[in-house]
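Some structures to go through are shown next.
Common to both upcoming complexes is chain A, partnered first by chain B, then by chain C.
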Partner chain A sequence: MSAIGAKPAAGSAMDMTATIIGIIILLVIIAATYFLVGPGMAFMALIGVIAGGILIGFGVHFVPVGGAPAAMGQAPGIATGVAMLAAGAGLAGLFGGAWAAELGIVVATVTGAVGGGLMMAITCMFVNFIYVFGMGIPSASGKVARDPITGDTQAEFKSQGTEGHGLPFVSYVGGVIGGLFGGAGGTLIYLMLLEVYTEELPGMMNALPGQILPIAVTLAGIFAIGMFLVNAVLAAYNITGTIEGPHDPKFKRFPRAIVASAIASAVCGMVAIMIVAL
Partner chain B sequence: MESIVFGIGITALAGALATVAGAAENTESDIGSQGDPNSQVQLAPQMGYLHRIFNKAIAGEPPAWGLWIALGAGIAWAFMAMQVNPILAIVLGAALATFVQGVYATTAYLGRTASLAKFGQPVFVDVLKSMTTVTMAHAFVAIFATVTVCHLMNAALGHPFPLPLLGLVWGIALGAAGSATGNPFYGKERQYQNQKYGAGVPIAASGNIVRYAEAGERNSLDNGWFSARLGGPASGVCFGLIVFLELWRTVLFEHIAAGWGAIIIGIIIILVFMVIDRYIEVWARKNYGPYGKPAEEASS
Partner chain C sequence: MTVKVEKIEGGIPHNTIMVAGLIASVVLVYLTYANVLTGTQYFAFFGGLATVAALVWGSHTIKHLCSYGIGTGVPSAGMMAFGSGVIAMLFATKYGIAAPIVAVILAAVVGAILGYVANNVLNMKIPVMIVSLVEMAVIGALVLMGYAAMMSGSFELSALTTGSVSILGLSLPSYQASFLGGALIATAFMLGGIAIQHPFNACLGPSWTQDRMLYLAAECGFLSMIAAAIMSMPLISMGAALVSLFVAVIGWYYTYAKYIELSKRDAFSWLDSKPIPEVEGQ
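Our next item is the complex of A and B:
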């Protein structure tokens, strides 16, 4: 079918055929990994990597991104790309999570989440600071009549010829939640891979665990960053450009991103694990 | 106790360096139209508005900065592995990464502007000569400061990531913070200075960017001067606070309650910023007032 003859993109609807094919691919990858490495730590790491990828893909949908129109005060959100902003927040979270890795998986993952949320809390505050004190523009949503959290009316604060501007409070909260999910997901992937590498690399390279640690940390870090970008970009395609946050109708598309993130993370995770587990 | 005091000192130094890096990054970005406002610089000739604004955006700000900082950090790391003094190694790494940025800026400007030939937009060689070196100077400051921050995190605070990986992480975060904070100030407040203050740019005005200065045609150095007044410093404070508070909560509170201390402090900081944001939002609504009547009143 040509592009002209294709049906218009369905808003938040799931394409059942594609979803079923995707889930089959996912199950095949999980089964293949189980068959190749058994039910041990490497297999559990793959499950953790998939969970981390889903957290990232879901979290990106919360981040209010206005892209180029936001830079001209023509649309609400943060004036940069979806994947880029989410990556900035998630990687700041990964930084904190990796630092806390020795404190256990729960503490490290929560530390990573808070790191991502902190980055977004500061950045979103400065977005409103610039809009209000630098440009004299109040925040206004273009998608809802009232802010779902504060109840503030929005329409009368929208300047003429625009779809809104700045970050209404619900978008701010969405940004922080997105940072929390992104930070947690990135850290979880890192921790899972680090565990596999620290276990497998000494035997593989005939070296002591202490000697192998820098290589394991670097490998796990690079794979975590790579998988973060894969999931953030997938979610960005699902969002198609801009989103205001959890109150935006586009937010309802997240189930598609979860399926896509699970499959992509499974493929990437399998490769990342197989380089040492086979 | 001594290690905590040492950690606080390093944290403060890293925060200060990050502030300088953020300010330089945003000014570099605005001179080169690297952020989202590049769309208007590219659109203007297509709408019949020829200009002399520099445009080197062929990648988003965060990945571009991720590349340059990781490059600077990687080269510095290699020099340090060869027993070169860390400060000299970071200077060399930043200088070489800056040359890559210069090549990137040159090819990006030529490529983007040449693609507008059918709309009559010339490639100005004097713009290329005068702007590229200025963006390179700002890039050097930002790369040097950020790589130094990464080195402090790795060598002094003991973060497990190697220097190049820290460079990639914090380079992307630097670009994200700088573009989020600085883009609207350049995009709306400078490029559309001819539009009303205190309102967004009407979509119908897209492409009609300001092209003339007090004397002659406006160039991107004028834009850098303007951005350095608020967009740059605000981006700097934003990135500086991110780095400082992230390190501060870890250095001081991670040892409390097996790591939960840093988490609780992080949550408290998030809530504090949430309150500040809400205050700013309400302040603007009260002091600036609505553009029109509320929807309910208007319909009644």
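Our next item is the complex of A and C:
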């Protein structure tokens, strides 16, 4: 982020006290929602929103994020930040899933996952095109000696003084898996909120369900985007910027992100549901 | 211990900008309520001015947070602000006249929880993390409320969801011709999200100067306001939309000229780069 490029101080250890306090906050929010809206559809929607948030937070860890060093060919990954990358993949999935919303939750969520995965697959392919044919650098990982999937050795292709470069096969696969998770999570949040809003808004605003549909779609969509970005940025804070993919040692930090995503989604989801339920 | 990679020396202290930005944007959002009192829509442009005030404050908060090297790039902070702000803002619109106050309070609560999660659960250990995320959520909520007030003339949920279309001279109520039903909020989200992160992203580095960045923030705010004024044309009366556009263009021209002037000033001087100052805790 700056020319000096200081590394953040976040370690890989898990702060147990903070985690327990976080889980207590999560349970308090779930319990409060249960008392306010009862065990009906709105409560199930909150659970769905939390599940979607966890999928997003977990999925971001698979995406090979390179940041500025990758743009200079000094680190592997896609040369941009997590927020942009996750937003691109997740929103592509969300739009795909939103088209299929009326076909039921399973079909829509799978469509969203395919949309996100497809977006990441295309992105990764063209990133490698540019790296290999534009910048003239081979793909090599700096974190592992052999590619965990293909078994290809990496060290011979790695330039001195770099952490690797390009997009090795395992990172490509990781990117697609991340897109699948992100797209599915975003679509799940959208579907859950859409269901609540189409049910509750007509009564609240004294209008026919058909008239209210554009508002329900907008509300669910903008909340899904908002929660998607919050979860993606929290996951980005967890991996402190750059990650190579599922083989990176930083990947092991994901339990923290799952707790964080669950709390953040619960807070945001509760407020989003209370708009119509209170 | 966190290494602080950019220094803040001289200039206006962050707390002054924060208080001024908060008061200015809340008061300016409230001034759009004059629409309801006078029965016109000509005061909608105050909503746009509220967004400019909040964006100036926001760019300095991003500077404050990102000077610790969060490692995820400056745009992520802007996205976080609006992702958490939009939720608080839409919930607050239910409360009618109290909406801006409710938005500030609720956004602060959401931001505090997110800040705790980021700082302690995710182990970021950045001294200003919680405060900054509280500020960011409040800014996101106020900017979106400002755009809502500017585009639809009011910040209440009923006005944001209901518009009117005229067919053969008859005015019919329509839910699609509204700030929410027409999904204008998605555009407002990105207009604000880009305007808030761009100033620091563009001005960071050893020759960073506070006044230049703040003028760029105001310039970005007015530029977004021009787009918002054009988008308000179908929702409010043409006269009111033109007033907004006029104010936005004047403001944009002034801040743009000022920013270019300051850029020329700073282009001449090369600051002697000093060793990285290390700040322990706070």
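We take it that the second predicted complex is superposed on the first by the 266 of 278 C-alpha atoms of A that agree within 3 Å, B and C clash if a C-alpha of one lies under 4 Å from a C-alpha of the other, contacts with A are read in each partner's own complex, and residues count from 1 in each chain.
Keep in mind that, in the parts below, a residue touches a chain if its C-beta (ideal position, glycine included) is under 8 Å from a C-beta of that chain, and two chains touch if they have at least 3 such contacts.
Model, not experiment: these values are computed from the prediction.
Participant: On chain A, do chain B and chain C fit together or clash when superposed?
Facilitator: With chain A as the common anchor, chain B and chain C collide in the superposed model.
Participant: Touching A:Ile263 in the superposition: chain B (first), chain C (second), both, neither?
Facilitator: second
Participant: Between chain B and chain C, point out the one touching more chain A residues.
Facilitator: Greater contact footprint in residues on chain A: B.
Participant: With both complexes superposed on chain A, which partner does A:Tyr197 reach: first (chain B), second (chain C), both or neither?
Facilitator: In the superposed model, A:Tyr197 contacts neither chain B nor chain C.
Participant: Does the superposition put A:Glu156 against chain B (first), chain C (second), both, or neither?
Facilitator: first
Participant: First (chain B), second (chain C), both or neither: which does A:Phe43 touch?
Facilitator: neither
Participant: Contact-wise, after the overlay, does A:Met227 reach chain B, chain C, both or neither (first, second, both, neither)?
Facilitator: The second partner, chain C, only.
Participant: A:Gly67 contacts which: chain B (first), chain C (second), both, neither?
Facilitator: Touch partners of A:Gly67: chain B and chain C.
Participant: Now for A:Met84: first (chain B), second (chain C), both, or neither, which partner does it touch?
Facilitator: After superposition on chain A, A:Met84 lies in contact with both partners, chain B and chain C.
Participant: Examine A:Met135 and indicate which partner it touches, taking first as chain B and second as chain C; both and neither are also allowed.
Facilitator: first
Participant: So, does A:Leu219 touch the first partner chain B, the second partner chain C, both, or neither?
Facilitator: Only chain C; A:Leu219 stays clear of chain B.
Participant: I need the one stretch of chain B that runs into chain C once the two models are overlaid. Options are 115-123, 133-141, 151-159 or 259-267.
Facilitator: In the superposed model, chain B runs into chain C at 115-123.
Participant: Please identify the positions on chain A that touch both chain B and chain C, taking each partner from its own complex.
Facilitator: In chain A, residues 67, 80-81, 84, 87, 214, 217-218, 221-222, 225 are touched by chain B and also by chain C.
Participant: Which residues of chain C touch chain A in the complex?
Facilitator: 1-3, 5-6, 66, 68-77, 79-80, 82-84, 86-88, 90-91, 94, 106, 110, 113-114, 116-118, 120-126, 158, 161, 175-176, 178, 180-183, 185-186, 189, 204-206, 276
Participant: Sort out for me which residues of chain A touch chain B in the complex.
Facilitator: Within the complex, chain A touches chain B at residues 67-74, 78-81, 84-85, 87-89, 91-92, 94-96, 98-101, 103-104, 107-108, 110-111, 114-115, 117-119, 121-139, 145, 150, 152-153, 155-169, 172-173, 176, 213-214, 217-218, 221-222, 225.
Participant: Given the complex with chain C, which residues does chain A contribute to the contact?
Facilitator: Within the complex, chain A touches chain C at residues 1-11, 13-15, 18-19, 21-22, 25, 67, 80-84, 87, 205, 207, 211-212, 214-215, 217-219, 221-223, 225-230, 232-234, 236-238, 240-242, 256-257, 259-260, 263-264, 267-268, 271-272, 274-275, 278.
Participant: Show me the residue ranges of chain B that touch chain A in the complex, using the header's touch definition.
Facilitator: 35-37, 39-40, 60-63, 159-162, 165-166, 168-170, 172-173, 175-177, 179-189, 191-192, 197-206, 230-231, 234-235, 237-238, 241-242, 245-246, 249-250, 254, 258-260, 262-263, 266-267, 269-270, 273-274, 276-278, 280-281, 283-285, 288, 290-296, 298
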